[in-house]
Amino acid sequence: MKSPSRNGKIVEVDDLKMYFPVTRGLLRHKVADVKAVDGVSFHIKRGETLGLVGESGSGKTTVGRCIMRLYQPTSGHIIFEGQDISQLSEHQMRPLRSRMSLIFQDPYGSLDPRQSAGSIVGEPLKVFHLANSRQEYRERVEELFRIVGLDPSMMDRVPHEFSGGQRQRIGVARALASNASLLICDEPISALDVSIQAQIINLLEELQERLKRLTYLFIAHDLSVVRHISDRIAVMYLGRIVEVTDRKTLYENPLHPYTKSLLSAVPVADPFLEEKRKRIILKGEIPSPLTPPSGCNFHPRCPMAISKCKKEVPPLRDTGGGHEVSCIRV
Amino acid sequence: MPVLLEVKNLKTYFKVYHGLVKAVDDISYHIKKKEIVGLVGESGCGKSVSQLSVLQLIPTPPGEIVAGQIIFEGQDLLQFEANGDEMRSIRGGGIAMVFQEPMTSLNPVLTIGRQLTEGLELHLGMDVNEARNRAIELLSMVGIPDADKRIDDYPHQFSGGMRQRVMIAMALSCNPKIIIADEPTTALDVTTQAQLLELMTDLVSRFNASLVIVTHNLGVIARYAQRLYVMYAGRIVESGTAKEIFGNPRHPYTIALLNCVPRLDEEEGRKLVPIEGMPPNLLNMPITCAFKPRCPYHIERCGQDPWPDLKLIEGQHYVRCYVET
Amino acid sequence: MTTYIIRRVIQSMLVLVMVTMIVFLVMRLLPGDPIYMLITEDDLIQSSEEKIAALRHEFGLDKPIPVQYINWFSAAVCGDLGVSIIHRGKVAKEIIGRLPITLHIGLLAFIISIVVGIPLGVVSAVRRGRWLDTGVTLLANLGITIPVFWLGILMIYFFALYLGILPVQGYTSPFEDFWMSTRKIIMPVFCLSVFPIASAARQTRSSMLEIMRQDYIRTAWAKGLRERLIIVRHALKNALIPVVTLKGLMFRNIIGGSVLVETVFNIPGMGRLAVDGVISHDYAIVQGIVLLIATVVLVVNLVVDLSYGWLDPRIRYG
Amino acid sequence: MQRTDMTETPLHASEFRRIMKVLFSRGVVVFGIVVILALFVTAIFAPWIAPYDPYKLDLNQTLVQPCKEHLLGTDALGRDTLSRIIFGTRTSLMVGVVAVCIAASVGMTMGLIAGYFGRWVHAIIMRFIDALMAFPVILLALVIAVLLGGGLRNVMIALGIGLLPAYARLMCGQVLSVKENDYFLAGRAMGAGNLRIMFRHVVPNCFPPLIVLITMMMGLTILAEAGLSFLGIGIEPPGAAWGAMVNDGYQYLLTHPILSFAPGFAIMLVVFSFNMVGDGLRDALDPRLRGVL
């Protein structure tokens, strides 16, 4: 089902750090850094879906935007289709931007309310000069509309005439327009109604089956959605990846204590099962990325923490079969 | 357990520019003492409006409670004037609410303390010092560290989860009999959500109060609620105990809802079954079943006759459907 | 909060420097030789080319523009704004004599606009849709419309000429004859305050209506609070935040209006002085007044901005 | 509450029709629209509408009280007041339109640049705007007009400069809020250039409030022009301007109050109309702007 490629990896992220300076006082001098992403390494294979799951403040959105090079990473490398893009200028990036697209969370804010649906979807075609004639442009836009399950006759409508689910389809069509091989989906369904979410999930799944080489980085906070759609899942906490595994192992054999508590926090729509499930309720709140705890930054909330956890940053190590975890207690 | 609150045939309509929105259309439900009840539905199904109607907090105009009875401790709340003395003593004192958006539900220019103590002074007649001490007590009860210092902070100095804890403290402050939590954790992270729901259910039982959880998340209901009501397009379409409904869902909408969300424990390769079409537009609705256009089971009768009545399946399990599923 | 205050003060000073630059450049770069600002017409007739050149050198007008600006600026800071042609005296002295008159009327109008405008807006919002609201809204809409100078004339015609209960025009210092002074300023103060009252009422009303829709107001209702408490404690302070911004601008408009009102009522204030200066091409006077007014406006804006901190804790602890 | 409830419902009613319906459902707005239309018609067809030549002196007919021949009487030089008011519409409208165009184009460009590029560009432009805002509009216009040498053209330029801060600030704020939206990020993510993002995404989304501001500003500009001409600055005699007419009539207030009252009323009527239409547009285009403008 998945097509093989040269090295098999479309994206490799190596020790990515993204710090945002915090300025204070009269002269707005820098007083600290928000360590939004603090040393993250992972890869995505061509044609697969990597789920990136974490709570707000975990840096998952920042990772996505760094790969899109909407931010200039503080350090680290991002290798996209064999090329290190972490230090490219905006000008050098431009041709690569057709190869990767972003799908946004908010179906309302992500579409320009003054443009027609057709011109929103067609804009990448214009930016990247992908259509040679008006005719070709129109045909391509119509095709994109059909691909995402929208009626091409609705091309001339403006976004507010569409429902939330339809708007998200427009967003998907726009992301597909430039023949991108990597789609970064940043919480694409969390703003939608429950009954609509499944439509978008299924659409994304069908697209991947049809356009074989399509790769997703699926960023979300909802573990059950991520588990449903992803081949592999990376769990983030406070700017670091704590566990990477395939979806089956994640549910059946989670290793990191944070992953465990995250799993237990998600209720299952089954009262019989819920009666039996063990609930791990975490202490306190996720600390500010401005002043992350020392060592393993999960240690203040971790039920298994020992004194060593305060001192050492646990490396992400493979426990076998690609199951990586960063915890010294496992 | 005795029935604490009984809502009978409540109708709340909104007169808007394009016509009449029947946000809540003839719903009846009850809440018993010390019970946790869930109210499930998608956005726009009228679940929030039905709860705001109980305390007559509907913005009027455009909204109006057109008909019904809301019987709380033997009195019909709808007989009271909306902002009159009797109604105000129920608000916060008898029935308290926790709202969805912790970011916007607290007044940004008043301290947490001020917002907590005003209810205590009003309903429990405490003086300034008593109220302040009680407020500190409540804050530490909901898990806010250094409550005696943080009481003088403003909402923007708290995180979303902490603000929602303050909201819970505020709701509990005057020992209400019922707490209505309107999507209390939707805006929050999963682990915070678990913390808060756990805290809320724990405190509610300590205070001997009942809890109504309004949510679209079936998992939350399955975990915490004893009974639930499923709402669609302003009506209750199915009701019963959690085990009855999750074990044997009968309304096509309930079934569809369960099939369209990913589950943590699902089998590999499970396909979601989306609900076709869109949630109904409550504007100028037909009298026939509003779910019919999206319903895979619908029969001829569904498009002709008005909504069916709720019919008993077994125990406390009722369903509003012509079709035997 | 301290950081906020210091930052605002520094910002205001930067703006003030910018103001002086604008004034200086406008005066220097526009057609007309600035030398004529410095010598009187009589002198001009008698002066030869050399004499003018000598004067030019004496006043530093042969130096590059930036140097001229610095010289002019340092003089201005010391209160030396040059010499007036018509008034044959130091500009600074002339202006200082007029300033209290304009401030007397202007500040009164400003205070009245706050004291009257904001409550009107609140009442109007609370009684939304009732006759009181309709009345206030209509009056407010007329208030932001009516030309002040025309209103002044209407009032003079009605109260002074027709009814004869108020003096027609002029100004008397309150320290000289308080009663007479008050009677004389009633009409000018009223004229000046109409626009700010109306716009404050409009702004307060719409801002109150907006706030009353907020979630935290619903929370307050759900606590069982009385309507009056909700309005006073929960809504008003929030609603005033945008109104405060507007009040800063309003002071500028009041001073602008005083140019017209002082003309209509023949009040010897700064506005009148500016108009006379403009008409008789007495640029030194005009320059001085513009500079002074901009400074006063900036100071008032600064005070207004600082009162933000009192209203909005997000700034106080920001 | 209802707002969120309705969001999933696609709106089929045409946006334009809704705006028109909101506009025309309010009496004062309709009144304003009618007055403004009448104003334009009057200005264009003034020579045909006016009963007399507004410039013709008739020393036998000075200071005539209102009568059948001269509905609003004549002034000290025997000119028909009504005809002069009718011709005065040309002055008011021209100054209003031109000054607003100057203010809007310059101000919006400054605001766009400041908001889009941010950082020090924003700081410099906005401090400059702050400085301009320290001067009362009428005083600034007075000084500029006189320094430029009086005349109607210079009054328009002066008012244009005096009023541009409002546009710059609004535009800057709009740009900043547009930049917060994901569609701005979407433009950057697909590699669209600055100009494309600015003119395809940012500018069109800034328009609704600017249309409102332009309408409101027409009223203010006409009011300011009237004030200037009241002070004797602007159109050269014998040209007709309402403000100047009020001032000319002022000296005959005791005996001929109509000479001041009538042109003043015309000013008020026109300014009121623009304000009301502006209010109506604001509520129709974007109710969220209530309180901002």
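Going in written order, the chains are labelled A, B, C and D, and every chain counts its residues from 1.
The criterion applied here is as follows: a residue touches a chain if its C-beta (ideal position, glycine included) is under 8 Å from a C-beta of that chain, and two chains touch if they have at least 3 such contacts.
Note that the structure is a prediction, hence the values are computed from the model and not measured.
Trainee: Any chance you could check whether C-D or A-D wins on number of contacting C-beta pairs?
Mentor: C-D
Trainee: Please indicate the chain closest to the centre of the assembly, with centres calculated from CA atoms only.
Mentor: Looking at where each chain's C-alpha mean falls, the closest to the middle is D.
Trainee: Calculate how many whole Å lie between the centre of chain A and the centre of chain C, each centre taken as the average of the chain's C-alpha atoms.
Mentor: 54
Trainee: For chain C versus chain D, what separation do you get between their C-alpha means, in angstrom?
Mentor: About 21 Å separates the centre of chain C from that of chain D.
Trainee: Quick one: chain A and chain D, Cα centre-to-centre, how many Å?
Mentor: 49
Trainee: What whole-Å value do you get for the distance between chain A and chain B if each is reduced to the mean of its CA atoms?
Mentor: The mean C-alpha positions of chain A and chain B differ by 32 Å.
Trainee: Going through chain B residue by residue, note those that touch at least 2 other chains and give them in order.
Mentor: Expected reply: 43-44, 59, 278-279.
Trainee: For chain A, what residues touch not just one other chain but two or more?
Mentor: In chain A, the residues touching two or more other chains are 163, 193, 196.
Trainee: Considering the complex alone, what residue numbers of chain D touch chain A?
Mentor: 7-12, 15, 181-183, 185-192, 196, 200-201, 204-205, 207
Trainee: Under the stated contact criterion, what part of chain B meets chain C in this complex?
Mentor: Per the touch definition, chain B meets chain C at residues 55, 57, 59, 83, 87-93, 96-97, 99, 101, 104-110, 118-119, 122-123, 154, 156-157, 167, 170.
Trainee: State the interface residues of chain C toward chain D in the complex, per the touch definition above.
Mentor: Residues of chain C touching chain D: 11, 14-16, 18-19, 21-22, 26-27, 30-32, 141-142, 144-150, 153-154, 156-157, 161, 203, 206-207, 209-210, 242, 249, 252-253, 255-257, 259-260, 263-264, 271, 274-275, 278-279, 281, 286, 289-290, 293-295, 297-298, 301.
Trainee: Taking the complex as given, what residues does chain D use to touch chain C?
Mentor: 28, 127-128, 130-140, 142-144, 146-149, 219, 223, 226-227, 230-233, 243, 246-247, 250, 253-254, 257, 260-261, 264, 267-268, 271-272, 275-276, 279, 290-292
Trainee: In their shared complex, at which residues does chain C touch chain B?
Mentor: 213-216, 218-227, 229, 233-234, 237-238, 311-314, 317
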